[in-house]
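Below you'll find the structure, written out as structure tokens, and then a few comments.
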Amino acid sequence: MANRQTRDRIHEIIFEADTPTGKRFDIGLMILIVFSVIVVMLESSEEWESRYSGLFYVLEWIFTIVFTIEYILRLTVTIRPLKYALSFYGIIDLIAILPSYLSFFLVGTQYFVIIRILRLLRVFRVFKLGQFLTEGDQLRRAMIASRNKITVFLFAVTLLVVLIGSVMYLIEGGQNDGFSSIPRAVYWAIVTLTTVGYGDITPQTDVGQFLSAVVMILGYAIIAVPTGIVSSEMFEQAAMARKTNTQVCRYCAKEGHDDDATYCKYCGGRLNEEH
Amino acid sequence: MANRQTRDRIHEIIFEADTPTGKRFDIGLMILIVFSVIVVMLESSEEWESRYSGLFYVLEWIFTIVFTIEYILRLTVTIRPLKYALSFYGIIDLIAILPSYLSFFLVGTQYFVIIRILRLLRVFRVFKLGQFLTEGDQLRRAMIASRNKITVFLFAVTLLVVLIGSVMYLIEGGQNDGFSSIPRAVYWAIVTLTTVGYGDITPQTDVGQFLSAVVMILGYAIIAVPTGIVSSEMFEQAAMARKTNTQVCRYCAKEGHDDDATYCKYCGGRLNEEH
Amino acid sequence: MANRQTRDRIHEIIFEADTPTGKRFDIGLMILIVFSVIVVMLESSEEWESRYSGLFYVLEWIFTIVFTIEYILRLTVTIRPLKYALSFYGIIDLIAILPSYLSFFLVGTQYFVIIRILRLLRVFRVFKLGQFLTEGDQLRRAMIASRNKITVFLFAVTLLVVLIGSVMYLIEGGQNDGFSSIPRAVYWAIVTLTTVGYGDITPQTDVGQFLSAVVMILGYAIIAVPTGIVSSEMFEQAAMARKTNTQVCRYCAKEGHDDDATYCKYCGGRLNEEH
Amino acid sequence: MANRQTRDRIHEIIFEADTPTGKRFDIGLMILIVFSVIVVMLESSEEWESRYSGLFYVLEWIFTIVFTIEYILRLTVTIRPLKYALSFYGIIDLIAILPSYLSFFLVGTQYFVIIRILRLLRVFRVFKLGQFLTEGDQLRRAMIASRNKITVFLFAVTLLVVLIGSVMYLIEGGQNDGFSSIPRAVYWAIVTLTTVGYGDITPQTDVGQFLSAVVMILGYAIIAVPTGIVSSEMFEQAAMARKTNTQVCRYCAKEGHDDDATYCKYCGGRLNEEH
């Protein structure tokens, strides 16, 4: 289709974000994705759909065609098209365009085309865009580091919620429709302990209200735990990132210099310049 | 019933989690427990019970028989069966099977069998499973360390909530059914201050709404306190875990030495240098 | 009334908590106070009042008489009775008993006697009880240290809430009774931003719901601020408390020893014993 | 209008807060602004407006006249009136008075005059008032430093909320009016994940309630993230403020030296020893 040089150039534009053109391509693509997702969302609303169904139809096909061209380009410029096609992003890219074509053959219910909303996942590519990489990375590492603690915590919360739900079922079960079964009572316990508090199910007996109050005060103390876990982990990550300046003074061999230091703060000697 | 060797082997499988078989047994048991608890929960729902009452009946007896066999095995392989039977887990294990048998003799109301939900507590045994031990331990220690502060905090919140509730009772009491007594008004204050906000009781007068707004803004600042307590404690625990190495003193066999320690802080003996 | 020695002894019992008798007195008093407050709370409930009005009447007079005796004792054993009578606790102690006596002369409405709930403030005396003193103190110091930051924060939140409320009044005002005036819209903004979310006032237009969603996401990020302030301050306090071991080794003059250290971890020398 | 000296004196009073008179002027102005905003808010309430419309009218003109005099003074005493007039505060100061005058010519609807509520922004000037400057500054710097992490986080939350909303639309869409379109379902997801929990839209199917419970537990863990970010950043700021002393290098006049620094890290010059 194209000679090697053109192919390399296109590859650089659509797969990388180092060049200005590549960056502009990524940002343009992101805007297009966000727009197409907003259209899918509005299409699901009867009010909007009845008013603008023609416009939505046209827009949807424009998005599909652009994404299709992009998909074909991606397939042709990669050296291993199959590997790309079977990768996470390759599949997402295909899901982004397939439903529109399939809606010709299938009598597509409105529910089927919603799969197009997964286009949104393509936006994650934007994280290639420089400055967010480190941040996202630090967040992810803090999450991973606190994963085990969070698991233990969620496990304990689940136990607690089942026990609280069962007790409330025993107390309110007879008089209150909201607590008609243990699963519903557990649902109430989760709504309460997480401080969401819809109010669709609320205790009505005195004992039930008293117990709820205890659960809420408890939840107050419990909500502090995951925050404590993540805060502490986050701080560790930040401390680690800070310590990465491993510069050692040539004259006095001391460490711990700030990133913006030119001279050793202990002996006044000039710090290594190739740092 | 069984010779010593078989008994030891069974003991290893059902009481410990060090061997692969022991681990598999624990995981299998846990899955069974979770399933049996889900069945108990669904049984409480009229809709599910009316549809699948036969299936639930059969499943319940399968769980009961398996747990009974396990209980008998535990009793026979331990050297002191009575000590096990009266231990926390021994009692929980008995509670897990007893209600099903008793339902023969008693005209068991649906409320009675709910005690079987306590089976869930058996899952705590899973914490034997390696990797979660340290995490759970660190969490528990952070909780214990912040216990006193949390107590003082909850005490202050209780005082605050009673005072706020009383004032709101004075303001809204006459016009608003939700504030018909001080206990209800205190219940409202707890629902509000913890940011649960059911909305089953809401202020209706202008003054009441203004005071509520102040309470919420206050709650905003107050919710920060337990989080601060636990975060700071959590960080301490992490810092301590990081700072302390696993070196053991050759002279007094004590652990917990700092990384920069050359001498044992308990007996003054020189620490191993090859560390 | 009593000779000096008896007076000193009574003073020790009711004003201090150092002796076992003084401690027992304080705990007994606290239990009495909590009970009397519970009675005041239940009296406000029509249901309880109609059923147990006789019992409540008797109990109330028992509490009043005991508190009166205690008040007179406090007055007689202090060297400066007037100073005590005009102190914070002196006034609270008087308020605890006065309403019951006044209810003879005044045709006491139910609202008047509620002032007795202020008895609860007397419980703060319990903080004399040893172990909570340091904890409460550390909490209080963290609060005081972060007071200025919290003020700036609450000020910014107030500004934000007034602006959001005004915009929502413009958007929803015409169609939605909940947003019929700016003060009500501001009340809604506070309910939303603090994540209380009663649901008594909710946006109904598309634009209103969209703006609400933005406000909530914003609130999500904002709620992190006071927590951050208090956490950081709390950690400072803890770090400061930890550093208070100011022991210096006599042999190598180094600091930073743990509280449980007997020997210097740097040189192995014995640490000062009189510490 | 006035000779130079008077002008300088007025400038000092209304633009600065260093002198006692300047401070008193600022505080007086702030009180006036807050009062005028309260009047604008109450005017929007039909109940208050119908009762006190005359009083509000008079008050509004008093505020307008005072603010107008102040505006003219500010214009006359600054050396570059145009620069002030086009600055942020210059425009806010104009907006504070313009609507009242325009309401003569325009048939001012109630909605138009609400713009006067922007007067509130003038209060930000109060931050000149000494003690809050540093605090506000530290908060602002912590916010700026965590901006990127918060962006990544909010981006991830947005993705999550759209996906959760779409799934809930598929599950509840048919039976439940609250989930009649994806945008509404996303609105519900935001209300739930942020733990606001109005309860205006709640899941009604078993599957929907189960998924909601999972979302809430998830939200429980997620809410910890921004708090962790800000806490950790706040702590950094505090640590930095503590670590850095106010020493200024004699050679290069730069600040920001660590407490243990002997030499300037920027130019290598020896720092003042008598520090």
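Order as written gives the chain letters A, B, C and D; numbering starts at 1 within each chain.
We take it that a residue touches a chain if its C-beta (ideal position, glycine included) is under 8 Å from a C-beta of that chain, and two chains touch if they have at least 3 such contacts.
Molecules present, by chain and UniProt name: A, B, C, D = Voltage-gated potassium channel.
Fair warning: this is a prediction, and the values are worked out from it, not measured in the lab.
Asks: Since chain A and chain B are copies that touch, just let me know if over half of their interface numbering is common to both, same, or not, different.
Replies: Mostly different residues.
Asks: Would you say A-D or B-D is joined by more C-beta pairs in contact?
Replies: A-D
Asks: Could you give the separation in Å between the centres of chain A and chain D, each centre being the mean of its C-alpha atoms?
Replies: 28
Asks: How many Å are there between the centre of chain B and the centre of chain D, using C-alpha atoms for each centre?
Replies: Here chain B and chain D have centroids separated by 41 Å.
Asks: Mind pulling the chain A residues that touch 2 or more other chains?
Replies: 183-184, 186, 195-199, 223, 227, 229, 231-233, 235
Asks: Tell me the shape of the graph of touching chains, choosing from line, ring, star, complete and other.
Replies: complete
Asks: Show me the residue ranges of chain B that touch chain C in the complex, using the header's touch definition.
Replies: My answer: residues 148-149, 151-153, 159, 162-163, 166, 169-170, 173, 180-184, 186, 192, 195-199, 202, 206, 209-210, 212-213, 216-217, 219-221, 223-225, 227-229, 231-233, 235-236, 257-258, 260-270.
Asks: Using the touch rule from the top, collect the residues of chain C that touch chain B in their complex.
Replies: 37, 40-42, 44-48, 111, 114, 117-118, 120-121, 123-124, 127, 131-132, 135-136, 138-139, 142-143, 150, 153-154, 157-158, 183-184, 186-187, 190-191, 194-200, 223, 226-227, 229-231, 233-235, 237-238, 257-258, 260-270
Asks: Under the stated contact criterion, what part of chain B meets chain D in this complex?
Replies: Spelled out, the residues of chain B in touch with chain D are 195-199, 227, 231.
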